[in-house]
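Each of the next two complexes has chain A plus one other chain: chain B in the first, chain C in the second.
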Partner chain A sequence: MAEPAAPPRTRIVAWLMGDSVADSRQAPARTILLFLAPALLVYAGFTIYPVLRTFYNSVHTIGPHNVQTFVGLDNFVALVTQDRVFWKAVANTTIFTVVGTVADVLGGLLLALCLFAKVPLARAMRVIWFTPVLMSYVIVGIIWVWLYDYDWGLVNLVLGWLGLESLQHSWLGDPATALWAVVVTHLWKWLGFNMIICLAALHALPEEVLGAAELDNCGWFAKLVYIIIPMLRPTLVNLLVLSFIGKMMMFDLVWIMTAGGPLWSTETVSTYVYKRAFNWNTFDLGYPSAIAVLWFFMILLFVTLMTRLLRQRDRVEF
Partner chain B sequence: MMKHFMKMQFAVTALLLALGAGPTARADDVTLTVWSHEADEPAKVALREKAARNLEASHPGVHVKITWYEKDGLSAALKTALPAGQGPDVFYLEPDQTDYIASGYIVPLDKLVDWNNIYDWARQVWTHDGKAWGMPQEAYTVELYYNKDTLAKLGVALPANAQFTQSEFLDLVKKARAAGMTPIAQGVGDRPYPGAYVLAESLLRKLGTDDYGKLLNGQLSFEDPRVVAVFTWVKELVDAGAYPKNFMTLKLGESHHYFYQKPGSLMFPMGSFYTGRAFVPVDQGGQAPDFPLGVMQFPAMDGGACNECKTIAVGASFAINAASKHQDLAAEYLNALSTPEIGKQWIETIYLQTAVKTGASEFSGPYAGYFKELMQRQEGAKYFTGMPIDILQGQCKDTFVQVMNAGFPGGLMSVDEAVKTMNQGCFKG
Partner chain C sequence: MRLWLNHLRRTPLLLFLVLYTIVSGGPFLWVMSMSLRTTPEIFDDPYALPVRLHWEKFANAWTNSNYGTYFWNSLIVVVTAVALVTLIGAMAAHCLARYRFRGSRLVRFVILSGMILPPQLLILSLFQILLDYGLYNSLAGLIIVYVATQLAMTVYILEGFFAQLPQDLFDAARMDGYADFEIFWRITLPIGLPAIFTTVTLNFILLWNEYLYAVVLLTDDEKRTLPLGIMHFMGGHQLDVGMIATGLMIAIAPVILLYALFSETMIKGMTAGAVR
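On to the complex of A and B.
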């Protein structure tokens, strides 16, 4: 007599559990795969595929109706040897990244030290300094375009009040100052984030070590340089790397504030990729993809170098 | 029993919904999809929606769904949707977007659309290789608006032909600056073309339509003495303080406000689509009802080949997706957009020229006087069709945006630097 068939629900559970389960605490591979599948599919569709497609496009010319012609490294050669705007964008992005990253992390650390030292109104200042982090780049960009406006911007207004009319300037309209004006805006937005991370790390420092330093009559500067900063090193390195990567890909703020102008003085690699892809009256995504791929490898190289240079060889023991 | 009946009803409804058939749907129902720019211009939105409703009324079972965008968003959406074989049946396009033709994403409209209601010159703008690819709706000319009261306060009278000479115009700029006002409100904060209005219109008048066309097509050098002479004169204007100090960051909407509200300026070069922002209530950013608006001609160039020339252009247009399964119906929507009734309503609500033949010679409405003056400025005009930004492509277009639109009128470049940079980007000789 045949055994009655198991109900569907039981069959699904049996399939999920697999044939043999050696460790009852360990879910079988099928189950793990099943539960991971939705997230993996989304990741594959929206991250892996676009990345692979960009690599593919970079060695092709995309013609009408998606007709793709393999061009090998032609796009890369043209980019490196003939494209002056690309190199201008690389220079701008490098300045923006190096200056912005150092200023971001150092500034954040200084603000955190201020709050750690419990200066008056520390709580209020923590909120005020952190608030810009909560704003979108679009809002921040619009606010600062107004602040920098020659005629009615607060920056020139304050200079006027201080009797410094000669310093009034079209901050975003002059190639000499436009990039720096954007750097300052970016710094204003992200300083609070770096401050909070540094402050959390400062509060996590072991009281005994700091107390011992004080017992040894260690001055505040020596304590900062020889004890606090070495112990904050992992946090600072992470902030540096994150800040570095973010700035190498900077798009939104520049697009809102200057769209790369005047005279390409704030053009970043990302804004250039966008312009080449969508503003050049062409459907060919090959060349913009080549820029993106080249820049991807440059970021990878810099981040690897940075991580190696800043890697902690001697672990601080306490 | 009741429970069983409800279960059955639920299952049937779910099945109907899954099949995409609502209770009132019919087998021959068609939804025509349209993607349009100009979401922020209520009068244009109203007209296009009205044309959609008219089509629905005359074609039972047809539904027209218009999705409203701003230009950048629309362009980005189309550039990803079309190569993927997606995209709407009908979409907004402008004549500079010829890449859609070259890429085969739109179909020729010669046999699909009723061209009897469209001006021939406007059809020509969209004609490439003998085929018309877009249905023009909006037409505009490049005009030099001014404040009549301010001009009178400066003690200057507009010449009978409404056109100053080069030296008179330079004097006017200097006089306005000396009186503490901004001579020309203009900004390039969010657009790639307004900064070049004075320069481009001057080049057109100096060179005439043929050579100006050659200049824009890379067949005439920017180092041509006539071109250098125009750049030199515009540099004098710039050095005389013609433009606002915040020229680089002033946005298009703000520059309108700058002209007719605060702080106010004497002149304002702009496409005649000026009305879309100016002729709205003051609390929505429009000009005051009693604002003394005038229209003058751009200055005549010394030894100009065509001082009666001016730029006319087609703006808003619509094209049909080559992948659309409802091309005939899409053409019907384009026909619905170009009836004389819609054309007349366009003029009376948007106060802007149109490519649609309206058949009317008199217009009503609170700004009919303005429209009459605008038409007077067209008398005897010889038109060059197309804005530089519509004609230039690729690197030349980018160089134009950075140099002629921004850097040069912004006072950041010398004449020599400007013409050399333009030549590097544009001249094919």
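On to the complex of A and C.
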């Protein structure tokens, strides 16, 4: 006589609990599935699916009431050949990214070296310098809009005190200076971050090497260029890539400070995507999706090139 | 004498340090002082210290300008999203760090590739998808999106830490008859607490400050989070600098309070993703 099968509920419970295996590196497939399921579900529904849908949208025009018409590569062709605002946005984002990234990492390294030089109150200054990193772009943006104000902003006031009235300027209102004003604000926010990471890397340097350089009567500049920078290379490359990716996607700060204006002088690719999608009242999500897709591949290309280029020369002989 | 000369030589360096300290910390103190002054006082002299402390501005902002609602919305969204992403991320990280199984490299690659996806690639279709699911313009929808955006970074940091825990610990637990989930709950989580603190700090700050997803996915005033609330108030009262500053202080205060208490932990948390 066959044994009666266990009722379904107990079977499920037994399946879920699994039986222990002696090797703790092994686990039944269902256990592994249970551990991964929540992450994979959220990820599939709210990351993979949206990305695929954006790709799908990019080859469609989406009219009112979600009527989708397949247009092939028309969006991309129009974007590359006819859209002058897009190319303006690409140029702005590139300037922003290149200048900002270099300034970020060099500035962070410089500040870290200052604190590394055994100055008084170094710990307190480190904590204060980091505070802008904790503030949101909304807060940073509003504060700097005030600081740049033509009539009562501190920037113009300081220029006045220094007797440089001729340099006083409507910093965010002039297309010639607006982008640079935003770059400076962005730099102000992130310098502390780069400083902390460079400082940690400096403290991790082997003392003997720096000591040996001192014995060889090596000047501080030579020490910086021939010893410190090469030895910090992995950290610096890492920071460059991080800073680069962040700036290629820059949205919040620009949106809050200038909304891309005046005259598209601060328009970035991200703010343009947002405008085309939500501010143009065309309700066509196809075209902005095409911008996002194209830009994603450009970021990927640049980052790959950058890591290849910088990492190849990474094998420095000591 | 030598010491004195040494200091003299370093004067430019010390001056620069003082200057940069003022530049990086000053704006925050300025906003703090403005948050306690009225707008006419500020327009009289924007950079003066408060004469009388107008604490009533905070009560006013909290009730009349809806900052109370914005604050609670932010708190609910951020706390829930951080709790969820920590639990879900820790489970996945534990699994990837502990077990050998087929497809583990693929799973790791897929999840971690989320770190390089630009928000622009997600935001337009998330808008459509949340509309489809009926989650558009709801705090629940924003919470799930936040969990998804922070998942990759969380798994990356936690997995790196969990992988370094000694295997003997887990062999012993297995010998004592712990089931797999007990091992996660009673061993990985308690021992991994430092790394979990790190991801909690990082996620809390990033989400507390988040603007782009919130501005696209929420429309009702009653549902706005703090960054949106501030921008909304700013739109209607461009010239009321005093009240805007009070709003800014309401948004920064929790972060600065935590920073004053746990500055080292927070610095470590914010930089965790960048150090390898």
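Convention: the second predicted complex is superposed on the first by the 286 of 318 C-alpha atoms of A that agree within 3 Å, B and C clash if a C-alpha of one lies under 4 Å from a C-alpha of the other, contacts with A are read in each partner's own complex, and residues count from 1 in each chain.
Here is the rule we use: a residue touches a chain if its C-beta (ideal position, glycine included) is under 8 Å from a C-beta of that chain, and two chains touch if they have at least 3 such contacts.
Model, not experiment: these values are computed from the prediction.
Enquirer: Put chain B and chain C onto chain A via the superposition and say whether they clash or fit.
Expert: clash
Enquirer: Thinking of the overlay built on chain A, is A:M135 touched by chain B (first), by chain C (second), by both, or by neither?
Expert: second
Enquirer: Check whether A:D74 is in contact with chain B, with chain C, with both or with neither, and answer first, second, both or neither.
Expert: A:D74: touches no partner chain.
Enquirer: What is the contact status of A:F278 with respect to chain B (first) and chain C (second): first, second, both, or neither?
Expert: A:F278: touches chain B and chain C.
Enquirer: Is chain A touched at more residues by chain B or by chain C?
Expert: C
Enquirer: Based on the superposed arrangement, let me know which partner A:G173 touches: chain B (first), chain C (second), both, or neither?
Expert: In the superposition, A:G173 contacts chain B only.
Enquirer: Could you pull out which residues of chain A sit against chain B in one structure and against chain C in the other?
Expert: 66, 152, 277-278
Enquirer: Any idea which chain C residues touch chain A in the complex?
Expert: 10, 13-14, 16-17, 20-21, 23-25, 27-28, 30-31, 43, 46-47, 87-89, 91-92, 94-95, 98-101, 107, 110-111, 114, 116-129, 144-145, 147-149, 151, 155, 167, 170-171, 173-174, 177-181, 183-184, 205, 208-212, 216, 227, 230-231, 234, 241, 244, 248, 251-252, 255-256, 259, 263, 266-267, 270-271, 273-276
Enquirer: Which residues of chain A touch chain C once you look at their complex with the stated criterion?
Expert: Residues in contact with chain C: 17-18, 20-27, 29, 31-32, 34-36, 38-40, 42-43, 45-51, 53-54, 57, 66, 111, 114-115, 117, 119, 125-139, 142-144, 146-147, 152, 154, 157, 188, 191-193, 196-197, 200, 234-235, 238-239, 242, 245, 248-249, 251-252, 255-256, 269-270, 273-274, 277-278, 285, 288-289, 291-293, 295-296, 299-300, 303.
Enquirer: Please name which positions on chain B make contact with chain A in the complex.
Expert: 72, 75-76, 79, 82-83, 96-99, 102-105, 188-190, 244-249, 263, 393-394, 397-398, 401-403, 406-407, 410, 412-413
Enquirer: List the residues on chain A that touch chain B in their complex, please.
Expert: 62-66, 85, 145, 148-153, 170, 172-175, 259, 261-264, 275, 277-283
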